[in-house]
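Input: structures, listed below.
In the two complexes that follow, chain A is the common piece, with chain B as its partner first and chain C second.
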Partner chain A sequence: MRLSTRKLLDRSFSGLGVFAILLMVGALLVLLAPIAARGSRAFVFRATVEHRQFMLEESGRGDHDAIDAEIRAAAEVRRKAYDMIARFEEELEAAGRSERRELRRSLREVKDHLAGLLGPAPGNARPVLLRDQYGQTRWDRALVGLGDFLYVTEYDYSDPSGMGRPLLVPRVDGFRGTSLEPLFAYVEQNLERMLRPRLTFYWRFLFDEGRDAHFFGGIWPAVLGTLYLTIGTMLIAAPVGIASAVYLAEFAGEGWLISLIRTCIGTLAGVPSIVFGLFGLAFFINTLGVSDSKSVLAGCLTLAVLVLPTVIRASEEAILAVPKTYKEASLSLGAGQGSTVLRVILPAALPGILTSVIISMGRAAGETAPIIFTAAVSLGRPLSLRQTLSQPTPALPWNIYNLCTEHEAVDQIRHVQYGMVLTLVLLVLLLNLAAILLRARLARRLAG
Partner chain B sequence: MNGVTVELASSLAERQGPAPEPKDRLEEPVITAEEFSVFYGDNEAVKRVSLDVPPRRVTAIIGPSGCGKSTFLRAVNRMNDLIPGCRTEGLLALEGQDLNAPGVDVVTLRRVVGMVFQKPNPFPKSVFDNVAFGPRIHGVRGKPELTETVEVSLRRAGLWEEVADRLSHNAMALSGGQQQRLCIARALAVDPEILLMDEPASALDPRSTARIEDLIGELRADYTIVIVTHNMQQAARVSDLTAFLYEGRLVEFGPTDQLFTKPRQKQTEDYITGRFG
Partner chain C sequence: MKRSTLRTVILLAVASAFALAVQTRGVHAQESTAGSTKIVVDGSTTVGPIAKAFAEHYMGLHPEVNITVSESGSGNGAKSLINGVCDVADMSRFMKEREFKAAVEKGVMPVAHVVAMDGLPIIVHPSNPVKALTVQQVRDIYTGKITNWREVGGPNVRIVKISRDTNSGTYETFAKLIMKKEKIAPDTEHVGSNGAVRQRVQSTPAAIGYAGLGFVDRTVKALGINGVYPDRESVRSGRYPIARPLFMFTDGYPALGTRLHAFVTLHLSPKGQEIIEDIGFVPVTDY
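This part shows the complex of A and B:
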């Protein structure tokens, strides 16, 4: 082969590698950027006066006097809208019967939408649901609500072969010539003064309990539940896994039973996670009865079984990678096999073992299927350590799944969903980062 | 006599210190092999070797690669136990005790028989922890006691001056020759009677090799040393007795100067003059 051809080949080969890596980085960015952008909106957003009022009334946070003044100022602007409605209701009494029924229905819609934006009208009874007791807490949602307030969505069925095309009809058209007509323009122009949005950094999103099916508050129970599940899982899986790996690498030798066990471990690593979930339900809860029903403990046990094959495999590799000379040196100094493993082999294999443990932690943190039947519930309070033995918990992966499949009004709380996704991604990222740093540190210490 | 033998003879003359004349048959041998064989599976690596290693002498085992010299050495502290399918026949005794008898405690045996390996193999720990490893394993806990043992061992291994201010540094940061002397210090720290050395200088540069050889000369007064080496000049320089193994058999065993200058066997002469091997 000529030199120039070989050079060209070499260059195109390395170019291919660089291209593949760039492609992966690009894909990662495309994946992570929207998660970061949307997830951050759970923490940083324009909060309305309703948000501040909620915080003050439900958790006693904020400057009482300042918020009171704000509420009064907002009420001043809002009163004009309520006055218009009251005047229109009087007018309605004078109208004809059929016309009255039609208008009354439209008016109810107007009032409902306005309540959705500004909270219950003054003088009305306090609604039962927490979400009806307050108006929009977020300015971005308020703008969506304003659209619903200003426009009725109708459907154009003129093309029978296709689906109906949505048409936006201004709601004000139904009230032309009445005293309610100016209300729409007034709300549109003064919504900002009624809600007083202000850029807010709601870091407590992480540490607040969710209220009223995640309409308000944060995700602390789910974060705490994920931490419990992850740490608990590793507390079970790491000792068992490392002990198994030590046995397989150092003591087991060869034999049909050992190779059968190895095959089983390999197979176990490929079993779908939902199977582990059902196994956990059938074995830990129904057969062993570790708890009456779902509990963090049962979830940890199930997740531990799920990650064990990974921990065993990787730890065994790490142990086998320890130079034989260390073992020889230790034995030649009169150390028994036990102290050789404890004092020489395990310390030298520690970086690899820790990496496997922390990567498994990431896996345990993100798994959904195994905890569906064994540990997770969609709503709950933060648990104490003792309660984890018997109580189920919310957990980030399950809550994300639950929000997007089963929540009654997920459209209104997408920010919570994305906030959870971002938190989970960051959590796993942090764990992996910790693994890399720890590994580098230990490797440096071992290398001298 | 050809050139190589002349060179060997002159290096014998340069050897440091007076060569103690082996007072054969007067001292009880420390290691006794009688018709001793080692098998790897069906392959007989050491074939019916009989020899006596006297106390406080340096005994070198030389021979071409694969002649079974390392296998024989590793049989003395039973490191061959690590190799699956390895078994022995005949007698290998330490002070009259059969090493391969069922009741022998390998851990105790290895306390008495220290070993230094071909490649320096310090643990990835600090210099101090490396030397203190053995004493700690054997139950020494007191800090002052450990510190003393470490210093004494390092001094004996001639490494103290170089590492005294670096005891807490990682041993992997030392040079190859220093690492090997650290390994010797580590072996000395358990206070053995016998020191096995498996080509201790073959991975080192000439200067470090010289230091190790000097060290062996110093240690001869207190320890029984058995050294396996590829390097015939080295055997001539450091040892009192030399055994020549070829294809698992002991060809010749005797005082080093005699073996190198007036070999009794034709094979020995061929080997030390470089006709094969």
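This part shows the complex of A and C:
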């Protein structure tokens, strides 16, 4: 091959490498940018006076007098709308019977939509569900609610060959010529004064418990549950995994039994995670009975079994990579095999072992399938350390799935779902970062 | 010397593990006399919203209690109760004979608490001009005899059939009341929860599906069945043909005065009825 061809090939190869890296960065951006953009809306959003009222009444946060003044000011603007409805109801009494029934049904819808925006009308009994006790807490949701208040979506079925086309019909059309007609324009123009949106940084989203099926509050039980599961898993998997790796690398020698065990570990690493989940349910809960229901402990054990192969394999590689001379030097100085492993080989292999633990930690935090049957629930309190032995917990990966597929009103609480996704991604990132820093420090100390 | 420290560490670890185990056992004994502070609820995704709202309501009044709710389907709820890993099994269908047998063999005596009534609206995309079907037509759609909306008065569009998975109590109800032992066509899509059915239907103009009453909102259109539209009144009176009770099962009737008893009888209180009504289901105790 001529030199110029070789150079060209060489250059195109590095070009390919750069292209691959750029592609990866691009993919990462495409993936992470929407997560960050949408997820941050759970933390930073324009909160209405309803949000502040909720915070004050449910957890005593905020300046009592200032919020009271705000509520009064908002109520002043709202009163005009309620007065219009009251006047219209009086007028309705005078109308004919058939006309009355039709208008009454439309009025019912108007009032329902208004209650969704502003909370229950004054004078009405306090509803039992929190979501009905307050109006929209977020301005972005309030604007969606305003659209539903102003327009009815009807469908035009006139074309028999296809599906109907959606038509936005102004709700006010049903009330032309009545005293309710000005209500719609009034609400549209004054909604901002009725709800008083203000940009709010709700950092407590992380540390608040969710209220009323995530309509209010934050995601603390799920965050804490994920932390418990991740750390608990590593507490079990790391010692067991490293001990097995030491045994396999230093003491086991060669033999058909050992190679069978190695093959089994390799196979285990390829088993789908849902199989581990079912195994955990059948073995740890139903057979061993480590707890009398799903529990964090059972989840940790299951996740530990899941990540063990990775920990064992990578740790073994790290131990085998320690130069033979270290071991020989230690043995020649009269150290026993045990202390050679503990004091010479393991410290030298520690950075590699930590890498395996780091990778496994990220996996344990994000796995959903193994914890469905062993640890995760869609609603629960944040647990104390002792409760983790016997009680299940919400956990981020499961709750994200649960919210988007099973929640009865998911369209109204998408921000919570995105917030959870962002938190999970950041959590895994932070765990990894911490471990990488630790590893770097260790490596430096060992080198020096 | 070094070896002995290692031994001490291992001994300490084993000892502390034992201590922890003994300690938790002690806690269990203590709890069982005062009524457990932990209630584990598992099962139907239809009953899920009720169970979650009840749990939050109850925990609001009794902050020392932790009620956990998972929604894994009626079948899984029954299995959990039989295996003794949950206290309350939410179910949107009654227990089957073999589930009862399995339960009794394990010493679990299932007791049913009917917490609410539910209709099973047949839902389509709101752009679909079809307003009503008969039970026979719905059955023919799901068996595959009717494959085009044109055959039931709609446009010339192929029907996309959405059904629940076979672990679901909603599926069982549908199979019993609509399909009447006929097989659902193999080209039907099976999804895992009520919410997933609604999302599939609201995003697919040609779709048809079914879900619990509490899951039907303005983004989908409920069809009239045999001329009756599903609402509280028609479900309560039995005029709507696809209605069913929603259950919570416990192992035996819970001892009076326990938290478990209070939880599974919450639907009898005025607050409980209001919660059920607000979520969109029909209270049983409506006089």
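Just so we're on the same page, the second predicted complex is superposed on the first by the 448 of 448 C-alpha atoms of A that agree within 3 Å, B and C clash if a C-alpha of one lies under 4 Å from a C-alpha of the other, contacts with A are read in each partner's own complex, and residues count from 1 in each chain.
Note that contacts are C-beta pairs under 8 Å (C-beta built on N, C-alpha and C of every residue); 3 or more make two chains touch, one makes a residue touch a chain.
Only a predicted model underlies this, so the values are computations on that prediction, with no experimental measurement involved.
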Please determine, from the superposition on chain A, whether chain B and chain C clash or fit. fit
Output check: A:34 vs chain B and chain C. Expected answer is one of first, second, both, neither. What do you get? neither
Using the touch definition from the top, say if A:170 reaches chain B (first), chain C (second), both or neither. neither
Vertex chain A angle, Cα centres of chain C and chain B, expressed to the nearest 10 degrees: 120
Output check: A:292 vs chain B and chain C. Expected answer is one of first, second, both, neither. What do you get? second
Who does A:339 touch here: chain B (first), chain C (second), both, or neither? both
Once the structures are superposed on A, label A:329 by its partner contacts, choosing first (chain B), second (chain C), both or neither. first
Looking at the overlay, what does A:446 touch: chain B (first), chain C (second), both, or neither? first
As a test of reading the superposition: which chain, chain B or chain C, is in touch with more residues of chain A? C
Partner chain(s) touched by A:253 [first = chain B, second = chain C, both, neither]: first
Go through the superposed model and pick first if A:160 touches only chain B, second if only chain C, both, or neither. second
CA minimum distance (chain B, chain C), superposed complexes, angstrom: 6
Where chain B and chain C land on the same part of chain A: residues 336, 339, 343
Given the complex with chain A, which residues does chain C contribute to the contact? 2-3, 6, 20, 23-24, 27-28, 38, 40, 45, 48-49, 52-53, 55-57, 59, 66-72, 83-87, 125-129, 155-157, 192-196, 199, 205-206, 214-215, 217-219, 271, 274-275, 278-280
Which of the residues in chain A end up touching chain B in this complex? 253-254, 323, 325-336, 339, 343-344, 347-348, 445-448
Residues on chain B engaged by chain A in the complex (per definition of touch): 77, 79, 82, 84, 107-108, 110-111, 114-115, 117, 119, 121-125, 133-134, 137-138, 169-173, 183, 186-187, 190
Applying the document's contact rule, which stretches of chain A touch chain C when the two form their complex? 127-129, 132, 148, 153, 155, 157, 159-166, 211-213, 285-286, 292-294, 336, 338-339, 342-343, 372-373, 376-381, 383, 386-387, 389-393, 402, 405-411
